[in-house]
Structures are given as structure tokens and as C-alpha cells.
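Shared between the two complexes below is subunit A, which pairs with subunit B and subunit C, respectively.
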Partner chain A sequence: MSVFRPNWQALMSLLATLYSLTAVPFTDSMGSGTPLIVVAILLAGALASMLRLSFALEAAVLTLASFGAAAVLIGGLADAFGTASRGYFAALGAAWLLGWRLVTVLSGDGSRGSDGGGGTAIIVPALFGLWVVILWECIVRGAGVPFVLLPPPSAIGLKITNSTSILAADFKQTVLKAVLFGYVVGSLTGFLVAILADRFRFFANGLLPIGNMVSALPMIGIAPVMVIWFGFDWQSKAAVVIVMTFFPMLVNTLAGLAASSDMERDLMRTYGATHWQVLLKLRLQAAMPFIFNALKINSTLALIGAIVAEFFGTPIVGMGFRISTEVGRMNLDMVWAEIAMAAIVGSLFYGALALLERSVTFWHPSYRR
Partner chain B sequence: MPETVISAQNLDLTFETNDGPVHALKDITLDIAEGEFVSLIGPSGCGKTTLLRVIADLETPTGGTVSVNGMTPDEARLARAYGYVFQQSALLPWRTIEENVALPLEVMGLDKATRNQRIVSNLELVNLTGFEKKFPWQLSGGMQQRASIARALAVEPAMLLMDEPFGALDEIVRDHLNEQLLKLWAKTKKTVVFVTHSIPEAVFLSTKIVVMSPRPGRIHEIIDCNLGTDRALDIRETPEFLRIAHQVREGLKAGHSYDE
Partner chain C sequence: MTATGFIKDRLVPVGSILLVILIAWYFAAYSMNAPFQRDFDRRAGETRTSVEFLKKTMSQPKPTMPAPHQVATNLWKNTLTVKPWSKRSLVYHSWVTLSATLLGFAMGTALGVAIAIGIVHIPALDRSFLPWIIASQTIPILATAPMIIVLLAAIGVTGLLPKALISTYLSFFPVAVGMVKGLRSPDVLHLDLMRTYSANRMQTLWKLRIPASVPFFFTSMKVAIAASLIGAIVGELPTGAVAGIGSKLLAGSYYSQTVDIFAALIAGSIVAILLVTAVDVVGRFVNTRMGAKSQ
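On to the complex of A and B.
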């Protein structure tokens, strides 16, 4: 067994690092000494990762090398907007390749059984997200992308920390009022109507075609109508969210209630179970995967619905309001701050539902252990 | 003379399907006495399952009458006169084994103490003590089917209706479960109606074998079969066993016209 273990990410990284030396200095503010430090870090990382190291050591070396190089590269952009050379981007690519190698190692390439499992499920996406931000920052500032086109993450981050009170007010108005109320009411009524429609079949037969029609309606069309009906404040946004979330829940719950097998229903019949006993003990349980599916779909729909609905008249607060007015003033960092908040809120909402789903439908073949 | 508990008179059942009517049962007349172990045997599609389902009030006959424990099948079902064991165990995957056994007891509205006592005694009866907290998908097929038998017994029904309960299991497991079922029957004295398409299984278990023939499903022959109460698997080598098995085989052959 050789001590040498080449891998393509490290090899490519090595080549990119060497190439970066052809275009020194990297930026106007970096001088010619700093690139050498970056190159040294990258070479050390790439070479070390090709040795047969232990899992922990290799992960540590790759983390230090990739993020160390990235940190120096970001630092080199101070007062050097739009001046990055070919060498700068080659070095950036080399650092990113080491980051990729790190993800490969962590995902259990060749080291299955070691640690792995629970931790990597969070670490790998986090690393991925971190690299998106790093590349975004370096490319936008290094290549000098105009601010209105795409502000760098650092500017967005700064805007977020400087406007927490505005963001908090918008969060309260849009998420805590419109989204939450609309989501709960829309999903709950969808669920209850499904239970009724299942009991009284004619109800379902009349309702489903209407449901399909309503879900085909463009939200852009109903939002202004809701504003006229329910006023400018959050109630009209909640109404849009209710309309959007009601039918996914109705349709999914109805499908879920049909998911138990004939044999299971016959079994309940041999026990002389009543309709509600069968519903409670068998059919609703079997419907849970479908119901959670609707809850997850609705979490996304609710956020989109509330934000877009605010484009059509609103008091002077709310995420959608902020986005539409700040775009007009070319304050793109504020727009992106709102987008970032929406993304984080949406992911947390979805993630919490996914966790809950796992604990409720642990028995489903896709989760069993 | 033991009492008749299941009595079918001139049963007829025709399914209306998209491809036209299917005559599943034709003129079935059958009496089953208390404490008997009756096997329904025949090629697949001859109406064994349908007959069992009619007795269980899961299917309504288009002609004739059935009485179960002196009641209509509907009344008997609501009185929980029988326990039904399906071809698959039909255990609910989100319930543990003990919770699955508790399912019919919850439907019946029994209190917790009674439920627990019946769970313990019936799981013991099928040798599943120690597996109470497992989920069905963590057990083997044979254990799952035993759990479903415990669930049927927990209702404390006067009779058991079993539709090829061991059909999906391998030969060795099936032999073992046959022995256990026989012991269970001797101990509980329940009336059992048992669907199978295995001749040795039918002869080994039954006091009476009902040979059925297809298209339309009807009773070809009823064979008495009593090999004594204290049977073990090796009885299958005795001349008496082989004689009855031969008789069943001849019956199946005669009933099944190979004309297609």
C-alpha cells in the first residue's frame, strides 16, 4: 500500500495554483508577497491531501487550507474593487477545489463507517452554502460587478446588521401576521373540509373541480381583489395565503385518506369499527405522509404568497412592501437583505416541518431504521 | 352432538365486473359444528376466500342464507363472534406489536387493564413474549403472522376465520406454525375455518376437509379427517395420513376439469 493517494480535486487544485503564479500580483492592494502566502497554503493543502492521512487529519488540513486561502483572498480585495487578475481567480478556484475535496472526504468517500451519519447531514450543506457565499463575494468584488446588478454578501450582511429594526418590523408584519395566520387557517380548513368531503362524497365531487380551478388562478389576479375585500393591512395578505394553501391541503388529505389498503379497512370492519374509529385509528395515520407533504408545499406557498401580495398595496411595512419600494430606489442591498431573510425563514420553516414529519411518519418505508 | 355454529344454505355469489359477471360461488351448502377445524381447499380462483368473506360479512351473497352463531353475518360481525386472519398480517406499521394487538380491544372500548391482560396472555399464546415493543417491520414474516393471530385471538371470539395465513411463508416456518396452530386449537377449543391450497397442511390440521372446484366455485366433496388430538408433524408419514391426502388429491383432480 503506497502512502501516496492522488485525487483529481487536489491535482486540479495544484495545477490552478501553479497557473496563478503567472499573474502576480493578484489585486492592486495585495502586493507580490501575499500571493506567495496563498500559493504556499494551497500547495501544502493539495499535497497533504494526496497522502494517506487519517480521516480527521485530512479533514483538518483541507479545512485549514481551503478556508485559510479564501480568507487571505477576500482580505486582498480591500480597496481593490474590480482589480483582480487571472491569477486571483485561479487561486480562488484552487481553494474551492480543496473545499470540494473536503466535502468528498466528509461524505464518507473511502471512510464509510467512520463518524459520518448525522453530523455530515448538516456539515456538508453548510460547507456548500459557505462556498457559494465566498465565491459570490470574491467574484462580485474581484471582477467589479456593479452594485445594482448584484451586491456582495458582505454589503448585504452589513445592511442586515444596520437595519435590524426595519427587518424585525417587516418580519412581524409579513411572517408573524400574514403568513402564520394564513398558513394555519388555510391548512386547517383544507384538512377539515377534506374530512367532511370524505364523509359526504358528493361534497368532494363538487369541490374538487372548483379546487383545481382556483389553484390554476394566478395569484397576481387574486391579490388586488383581496386588498379591495379585506383592506390594506395584513388581513388581505393572509386571505391570499389562505386561498393558496387551502387546496393543496384538501387534495393531499383526500388522497391520503385513500392510502390505507383494502385489507386494512376490511380488518377494521371485522372489528365492527365505526366510521370515526376507522378514520382516527387507521386512515388518518396512513394519510400522515400526504398531510406532511401538503404542509411542506404550503410553507413555501405561504411565504411567496404573502410577499407578492404586498406588492399590491400595503401599509408602509412588510417584506414585500420593502422589496418593491427599495428596488425603485436602487437600494439593492436592502432588497437582498429581505431576500436573505425570506430564504432563512423559509428554510427554517421547511426544516422544522421535515423534522416533525420524520418523528410522526417514522414507520414509513422511506424513514424506517 | 356439538351445536352447528356456521350454516350456509344454497349460497350464491356473482360479482358484476367490467368483463361481465363472475360466478364466484354456486349453491354452497355447508354446516360447521362447534369446535371443528374445517379446511377449505381448492385451486386458486375457486371461491375459498369469497366463501370465508361471506361468512365474515365482508361480502354479501347474491343468493341463499348464512347464519353464524345463530345470527346473520352482520350481527355476528358486530358481536365480534369471529377473529379474521388475512393472507398478509395487515399489522399497522405505526403501532408496536402490543399496540397492534390492542387495536381491536380499543375499538371495543375495553379498559386499559383488560387490554394489557389480554395482550400479555395472547402474545404468550403465540410465543411472542419479549417482542411487545417491536414494530411489525422489525420482525420476520412468520412472527408477523403470529402477531396477527394473537390480535385475532385477543378479541376472544368463538371462532377463527383464517385465509391462507401461512401461504406467504416458507415450508419450514409453515410446518412450525402448523404445529403451533394445532396446539392452540386443542387448548382454546375454538371453531376454525381455514383456507389453504396445501394438501398436507389441510390433512394435518383438519377435522373436516371441504374440497372445492372452480368455475363456478362449488363444493365438490367433504372429507372427514380425524387423526386424533395429539398429532405431531411425523404423523404425515403414517398410512392413514397418506390415505386421506390421496383422497383429497383425487377429489381435487376430479373437481378440476382440465378442459382449457
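On to the complex of A and C.
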């Protein structure tokens, strides 16, 4: 067994590093000494990763090399907007390849046994996200992409910390008022109508095809009508959210209530259970995965509905309003700040629902290990 | 399902609920338009019989809630009595939206399939990329639509492509997730069989994984095409009402032309139903030809 174990990411990284030496200095402010540090880090990382090291050692070396090089490269961009040379991007590419190698090492060969515990499930996607941000920052600032086209992540982060009061006001208007109210009312009505319709087969037979069809329609189009009916404030946005969330809940609950098997229902019958007892103790339990599916779909729909409805008219506060006006004023960093907030709110909402689902439908096969 | 069963379990319930909706709509039109009409009559000093009053509430030029027949008349007028390529025709606007939808849908489907094939074959991509794809859908991406449109206009890309890109973003996700499931759906026995034939990865992909994923493919395409249409309509909003169903909605909202808004909504709904039905029919045909059991 040889000590060497070449892999293509490290080889490519090595070539890119050597190529980067042809265009020194990397940026106007980096001088000729700093590039050598970057090159040394990258060479060491690439060579070390081709040795037969233990898993932990290789991961540590790769982490240090890729992120160390990236840190120096980002530092070299200070006061050097748009002056990066070919060598800079070659070194960036080399660092990124080492990062890829790290992800490959961490995720193993794809078999179940190579899953390094619960840690990798979070670390690997986090590394991926981190690299997207690093590449975004370096390419935008290094190549001098105009600010009005795509602001670098650092500028967006600065904007977020500088304008928390505006963001908080928009959050209150859009999420706490329109989305939350609309989501709760829409989902609850959908649920209750489904329970009622389920009591009478005739209703269920009629509502299910209609609900399925309506779910495919561009319901977002009712936004202008709702703005005309309910005015510019949050009530009209909540109305849009109610209409958008009602049908997915109705359809999913109806489908879920039909999910329990005949055997189980027969068993309940032999116990002499009433309709409501069967509903409460068997059918609603069996419907929970479907109901949570609807709640998850609705969490995204509710945010989209409220934001898009604000494009049609709103008081001078709200996430959709801010996005559409700041785009017009070319304040792209504010727009990205709002989008980042929307993304965080959306992910947290979804994540909370997923956690709740886990504790409510713990019996479901998909959670068994 | 037998013919009588179909009539009893489908047609009658669906028909009666649609009828109830229609009656409720008329009732809503009357009660929502009545206050304005009463006010209007009082100022004009007119007194009407209740039948006359009822008729008036159903024929206002800018009603709060247009009556169904007003919408139907508007739809009829704007589709069949004007030339389909004139700017007043809803057929023209639907076509504009439809072309962006179809382009975006095609790109989104291709992208989704490519991502799915990558994810199934490269474990690093599976671990690092799939969670982000799922997270990307919890983001209200439509919020970025105005920015994407304005940005692409700034670098000289206008017309069909920006709208189609929003459609692409919305439609690639269902296809990618559905196809990952579909490409992984062959069971271990079948994969082992391919191995005993000493099939390489390409052969396994073409001869086992892709045929096995076809039912998943069509199911996810039905979701994707509906999402694609929504993307195209929202993509038309920030361009300032040039053409398309979205621009009709925006123009209607500027001038409070509720009848126009409803007509545009119905046109969009018809397009949506046609698209989903088309995918469904093709899917059924392909599935039957490939020997899937009919349901």
C-alpha cells in the first residue's frame, strides 16, 4: 500500500495554485508577500490531502487549508475593489476545490454506514453554504461587479445591522399581522370545513375534485381584488393568505381522513365507538401526517401571498412594499436584507413545524430508525 | 368507476357545489354592490323598484364584486370578438404568459432532472446540496421577482427570459425532489440484477433508474407546471403592465376594473387547468404504454 492516494480535487487544486503564481500580485493591496502565504497554505493542504491520513486528521488539514486561504484572500480585498488578477481567482478556485474535497471526505462513499453520525448532516450543508457566501463575496468584490447589480454579502450584513428598526417594523406589519392571522384562520377554516364535509359523504365527494383543481390555480391573482375590497392595510393581505391556505388544508385533511384502513375502522366499530370517537381517536391521528404536510405547504404560501399582495398597494411599511420600492431606488442591499429576513423567517417557520410534526406523529414509519 | 357511479359520486356532488358557489357569488355581488348603488341613487334622487335595483347592482361598470355574467360577458368580448393578436385580447395576454410559462417549465424540468441525476450519483452533492434545495423552497422566492426582473433589465436582458427564469426557479424544485425519489425507487433486487449483468452506472441509469422514475416524473411535473404559471404571472407584475395576465391584473388594480381582474383571473385559471390536464393526459398515455397498471 503506497503512502500516496491521489484524488482529482487535490490534483486540480495543485495545478490551479501553481497557475496562480503566474499572475502575482493578486490584488492592488496584497503586495507580493501575501500571495506566497496563500500559495504555501494551498500547496500544503493539497499535498497533505493526498497522503493516507486518518479521517479526522485529513478533515482538519483540509479545513485549515481551505478556510485559511479563503480568509487571507478575503482580507486581500480591502481597498482593492475590482482589481483581482487571474491569479487571485485561480487561488480562490484552488481553495474551493480543497473545500469540495473536505465535503467529499466528510460525506463518505454514500453508503449508510459511512454516515458520520448526526454531525455531518448539519456540517456538510453548512460548509456548502459557507462556500457559496465566500465565493459570492470574493467574486463580486474581486471582479468589481457594480453594487447596483449584486451587493457583496458583507454589505448586506452591514445593512441588516444598521437598519434593524426598519426591518423590525416590516416584520411586524407583514409577518406578525398579515401572515400569522391569515395562516391561522385559513388553515383552521380549511380544517373545520374538511371535518364537516367528511361527516357528509356528498360534500366530500364534491369538494375534493374542486379543491384539487383550485390548488393548481394561480390564486395569488386575487390579491388586487382583496386590496380593492379590504383596503391597503394588513387586512387585505391576511385575506389573500386565508384564501391561499384554505384549499391545501381542505384537500390534505380530506385525504388524510380517508387514510385509516378498513380493519382499524372495523375494530373501532366493534368497540361501539361513535362517529366523533372514531374521528378523534383514530382518523384524526392517522390524518396528522397529511395535516402537517398542508401546514408546511401553507407556511411558504402564506409568506408568498402576503409579500406579493403588498406589491398591489400597501401603507408605507411591509416586506413586499420595501422590496418593490427599494428595487426602484436601486438600494439592492436593502432588498437583499429583506430577502434574507424572509428566508430566515420562512426557514424557522418550516423548521418549527417539522419539529412539532416529529413529536406529534412519532409513530409514523418515516421516523423509525 | 361505472357510469352511474360516476354520476352519483362525482357529477352530482361537484355540480351541486358549483351551483351553490354560483348562487353565493350572485348573492355576494348583490350585497356588496348594493351600498354603492343605494348611495348613487340617493344622490341622483331616483327611486327604483326592487327588481330594477337588483338589475342595477348586477350591471355597474366598476362593481365591487362583479356578477358572474358580467365576467362571462367580458371574457367573451375579450376573447372571441377581438382579433386574438390585438392588445385588447385576453388570448394575446394568455399567450404571452403561456410562452414564458412553457419556456420556464422546460428549463426548470431540465435543471431539476440534471440536479436529481447528480444527487443520486454523487454522495457529496447529496449531503451538501439537497438540504439547501429544500431550504430554498421555504424562502418566499417570489419576493425576489421584482429584483430579478430589474437586474436582468439593467444588464440588457428583457422580454421573455426574465419571467421564464422566475418560472424556472419555482418549477425546478418539485421536479428535482420527485426525480431523486423516482431514481432511487428501484429496489435493491433490481439494482443487484443490473450488477450481475455487470452494467455500468450509465446503463443502470438508462435502463433501470430512468424507466422506474417515469411515474414520479409526471406527478412532479404537474406540480411544477402550476408553479411555473404562478412564477410567470408574478414576473409580469414589476415590468409595469406591458403584456400578459399579470399585467392585466396590475392594470385592473390601478383603475379598479374589477371585471377585468376577474376575467384575467379566469383566463389564468383556464390556462392552468389546460396545462395540468395536458401533463396528466401525456403522463397517463406514457405510463400505459410503458406497461404501468392503470388505476
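Here are a few things to note about the model shown:
We take it that the second predicted complex is superposed on the first by the 342 of 369 C-alpha atoms of A that agree within 3 Å, B and C clash if a C-alpha of one lies under 4 Å from a C-alpha of the other, contacts with A are read in each partner's own complex, and residues count from 1 in each chain.
One rule holds in what follows: a contact is a pair of C-beta atoms (placed from the backbone, for glycine too) under 8 Å apart; a residue touches a chain by one contact, two chains touch by 3 or more.
Quantities reported herein were computed from a predicted structural model and do not represent experimental measurements.
With both structures placed on the common chain, the touch criterion links A:23 to neither subunit B nor subunit C.
After overlaying the two complexes on the shared chain, residue contacts for A:229 are found with subunit C alone; subunit B is out of touch.
By the touch criterion stated above, A:148 is placed in contact with subunit C alone, subunit B being left untouched.
In the superposed pair of complexes, A:166 makes contact with neither subunit B nor subunit C.
Judged by the touch definition given at the top, the superposed model places A:268 against subunit B, while subunit C stays out of reach.
Once chain A of one complex is fitted onto chain A of the other, the partner contacts of A:347 are limited to subunit C, with no touch recorded for subunit B. By the touch criterion stated above, A:284 is placed in contact with neither subunit B nor subunit C. Counting the residues of subunit A touched by each of subunit B and subunit C gives the higher count for C. Legend: residue contacts after superposition of the two complexes on their common chain; A:185 is shown touching neither subunit B nor subunit C. With both structures placed on the common chain, the touch criterion links A:335 to subunit C but leaves subunit B unconnected. Across the two superposed structures, the residue set of subunit A contacted by subunit B and also by subunit C is empty. Per the touch definition, subunit A reaches subunit C in the complex via residues 100, 103-104, 106-110, 120-121, 124-125, 127-129, 148-150, 202-203, 205-207, 209-210, 213, 215-218, 220-225, 227-229, 299-300, 303-304, 307-308, 311-313, 319-320, 323-324, 327-328, 332, 335, 338-339, 342-343, 346-347, 349-350. On subunit C, the positions that touch subunit A within their shared complex are 9-10, 13-18, 32, 64-65, 123-124, 126-129, 131-132, 135, 137-144, 146-147, 150-151, 154-155, 222, 226, 229-230, 233-234, 237-238, 245, 249-250, 252-253, 256, 258, 261-262, 264-265, 268-269, 272-273, 276. Of all residues in subunit B, those touching subunit A in their complex are 56-58, 77-80, 82-84, 86, 88, 90, 92-94, 103-104, 106-108, 135, 137, 155. Within the complex formed with subunit B, the subunit A residues making contact are 261, 263-264, 266-273, 277, 281-282, 285, 361-365, 368.
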